[in-house]
Amino acid sequence: MINKIVASTTEALADVPDGATILIGGFGGAGQPIELVEALIEQGARDLTLVSNNAGNGDTGIAALIAAKRVRKMMCSFPRQPDSWHFDRLYRAGEIELELVPQGNLAERIRAAGAGIGAFFTPTAYGTEIAQGKETREINGRHYVLEYPIHADYALIKAEKGDRWGNLVYRRSARNFNPVMATAARITVATVHEIVELGELDPETVVTPSVYVKRLVKIPKVVRPITALKV
Amino acid sequence: MINKIVASTTEALADVPDGATILIGGFGGAGQPIELVEALIEQGARDLTLVSNNAGNGDTGIAALIAAKRVRKMMCSFPRQPDSWHFDRLYRAGEIELELVPQGNLAERIRAAGAGIGAFFTPTAYGTEIAQGKETREINGRHYVLEYPIHADYALIKAEKGDRWGNLVYRRSARNFNPVMATAARITVATVHEIVELGELDPETVVTPSVYVKRLVKIPKVVRPITALKV
Amino acid sequence: MEQTKTQLREAVMPAAELKWTRAQMAARLASDVQEGTIMNLGVGLPTLVGNHLPKDREILIQVENGILGAGPNAPKGEEDWDLVNAGKQAIQLLPGASLFHHADSFAMMRGGHVDICVIGAYQVALNGDLANWSTGEPGAIPAIGGAMDLAAGAKELWVLMEHSTKSGESKLVERCSYPLTGLACVTRIYSDLAVIALKDGRATVLDIVPGMSFAELQKRTAVPLAQADG
Amino acid sequence: MEQTKTQLREAVMPAAELKWTRAQMAARLASDVQEGTIMNLGVGLPTLVGNHLPKDREILIQVENGILGAGPNAPKGEEDWDLVNAGKQAIQLLPGASLFHHADSFAMMRGGHVDICVIGAYQVALNGDLANWSTGEPGAIPAIGGAMDLAAGAKELWVLMEHSTKSGESKLVERCSYPLTGLACVTRIYSDLAVIALKDGRATVLDIVPGMSFAELQKRTAVPLAQADG
């Protein structure tokens, strides 16, 4: 019997080695697998490369991992947040490397890793600093930049419901990067708020097919307000 | 008020010009928008380039369009079927051009058109006749072939339910190429068996977001058995 | 009934000050959005446009984190933090909305399926170049988000920004001095002083804040302006 | 209880003829598939494997037209023609199945998420090259389907084919003469005579049809064979 359910976030991340590349889902707080990030903090792996849209908020989650100096490199599209003080401080001190990736390139590079694409030409960032040193090409009168996949050792993602095979559904915009990241890692670990019997999820509405998930942990539902950007 | 519903398949295809490139959904008969293909036959446009997984079955649908000599070029992965006699005959007579595209490249090239990707490196077909004359590259020890998007003037697709904005859901494996093709054409025309009120489709389970559909036609549900390949 | 632009102007324009407020800028832009438009609103000032869209037109807001058909902000106390916009504010969905993942969302944007993107800017050049992600200051934390993808993918890029910097320099310039977000992508500027179309290296004034002359607008703008015909 | 390979052999092997039937070939392959495997079964002979998978193991069949967790063929009269496999036969879904579109399906295949693909072949070369889509005959209608994608993407490619052509030539060859489907991709051959692993340019015999000697198998095979240790 296939059973990907593990008892705790601690057990789910026990084998993360130093130097691992880790995808972390979420867009700000929505869909961020904060319980897995907390378990990763406890677990102790160092010298990590994190790939996530933001570089942490406040003093918890990714921000706490960064504050603990466990992150060598951050790949993200939008590190600057009203409360990204831990990243800001280490970045200014030169203690954390930043690869700034436009958000769509981030999503597409992760997708490419999951989809077996070797590289792709994207119009995004052509003619900007971000494209400096990268291969470019004109195709049918438009200019493109060649971008490469982002493969990872682990993906930490947050979903709403799952089954023991690893099928997942998400909730509203908490979906964001999670389904894409699930495809691009050697080991995808998902948290869910509910584990249902095999066959309960409608095959038509499964968002992440079971093949992409290796470990599944049930966690309680806690509502966490999110820091909004100032308008 | 946005209302993409049109009264008939005839009206939906009235403006198809000669020489158009047309994506046609379906995998064999499942999810094939046969009523739209029939309307296209009646409509009269000639010199068409069709993009579809197969090259027609029996004497109906794509096969009938081919038999009427309205197709200049066929792009597909699997033209050879037990009952693909019309394509077979014209192909052997040199009266129809064939671009044979591996099925995954077909899907990915159509996706690339919809997603604004200029070209991509795929491992599929490396070292085969299909890759002859194409650019290749070694990336991280694997060999890839450069493939380009397939943009189209029209996409003819079949869905199950839709609303007046153009949101669509599909039924079982009749989904196949349809959602991907919907993204890659200037004008996507969808048939549905049911038109529901705006808001009735659950936002979580919409497969084709409304933006990709230009015209929607309701058609009756007719069960058509499909010719299975011989085992 | 739809308000005419003149009515809108009279209704919202204070007599004394020769510039549109932030709310008026957003309303002025919103009044130009046609029925059926697919729009993306950038973080910050552009988000305000959502509050001013004509109620009698169906306009679909696309949000980068996987939403088409976003509605207004959630009432206080009823926030669902699983449903947020690009600025991480809790929002609602309109009937007819759909949800999808990030790669599909940016495929939608990059693939040219968004009609209009409204975005803020540090500078816009006469040729449509956009600079909005970095002032290039040492020590500044850079952040791009979805701006470069939208610059490359949206059919029309409308910039909503103050006409001048705090120190009074024109933000519409001959050539951007700040790092670029995209090349030749801006098609229109909605500032606190004017609405300006950019096309083929020409800046054509479509509207000016009431009471300001074309000559005065030109004086405050670092590139030559043309008057719209008629 | 799981059948051992020997029991299976005794149960299904007719005494007189020194080759496995098509059903036996499929069953022999199926007995090697482990719990939790994600499999794709090509059109034709490979489809039969689905009927012989060990009942006590959960094995997921991926189908190219957007199914993970495909079940057995639909009973006659209960066909749902919106639910078909690669051979366009009406099938059923297992509990735990999921449905997705074609680009996602081939992303799954190309991205290395399918553990084993079973496919037919005209020829397999000692180095693992596969030829299965064209005999190169003039006038033949070519057809590739998903074969090249699977050859490039599956972790393991198992070929299920007759050992020899109708005219008696070995289909395991030094070098394919037919047009290739993929380079160095086949890892195992299940023929009507033997099970052969291909690795680093060596063909190692894992099993032979009962009653046939290694020497006899070698005589019928155009490349040098090695015997498995133990």
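We just call them A, B, C and D in the order they show up, numbering each chain from 1.
Simple rule for what comes next: a residue touches a chain if its C-beta (ideal position, glycine included) is under 8 Å from a C-beta of that chain, and two chains touch if they have at least 3 such contacts.
Just so it is clear, the structure is predicted and the values come from calculations on it, not from any experiment.
> What are the chains that chain A and chain C both touch?
B
> Which number of steps is the smallest that gets you from chain B over to chain D via touching chains?
Minimal hop count between chain B and chain D: 1.
> Can you work out the whole-Å distance between the CA centroids of chain A and chain D?
36
> Could you put a whole-Å number on the gap between the CA centroids of chain A and chain B?
Measuring from centre to centre gives 33 Å for this pair.
> How many angstrom between the C-alpha centroids of chain D and chain C?
57
> For chain A, write out the residues touching at least two other chains, lowest number first.
108, 111, 115-117, 122-123, 171-172, 203-204
> Multi-chain contacts in chain D: which residues touch at least two other chains?
Counting only residues that touch two or more other chains, chain D contributes 93, 99-100, 106-107, 109-110, 152-153.
> Between the chains shown, work out who touches whom and classify the graph as line, ring, star, complete or other.
other
> For this structure, enumerate the chain pairs that meet the touch criterion.
Final set of chain pairs in contact is A-B, A-C, A-D, B-C, B-D.
> Going by the contact rule at the top, pick out the chain A residues touching chain D in the complex.
1-2, 111, 113-117, 163, 165, 167, 183, 197-199, 201, 203-204, 206, 209-212
> Touching chain C in the complex: which residues of chain A?
27-31, 77-80, 84, 87-88, 91-92, 98, 100-108, 110-111, 122-130, 143, 171-180, 207, 223-231
> Please output the residues of chain B touching chain A within their complex, sorted ascending.
108, 112, 115-123, 137, 139-140, 142, 144, 148, 169-172, 202-205
> Going by the contact rule at the top, pick out the chain D residues touching chain A in the complex.
It comes out as residues 35-36, 38, 58, 60, 62, 68-69, 93, 95-100, 106-114, 152-153.
> Provide the residue numbers of chain C that touch chain A in the complex, in ascending order.
Going through chain C, the ones touching chain A are 43-45, 47-48, 63-67, 79-84, 87-90, 93, 99-103, 105-107, 109-110, 134, 139, 141-149, 151-153, 179-183.
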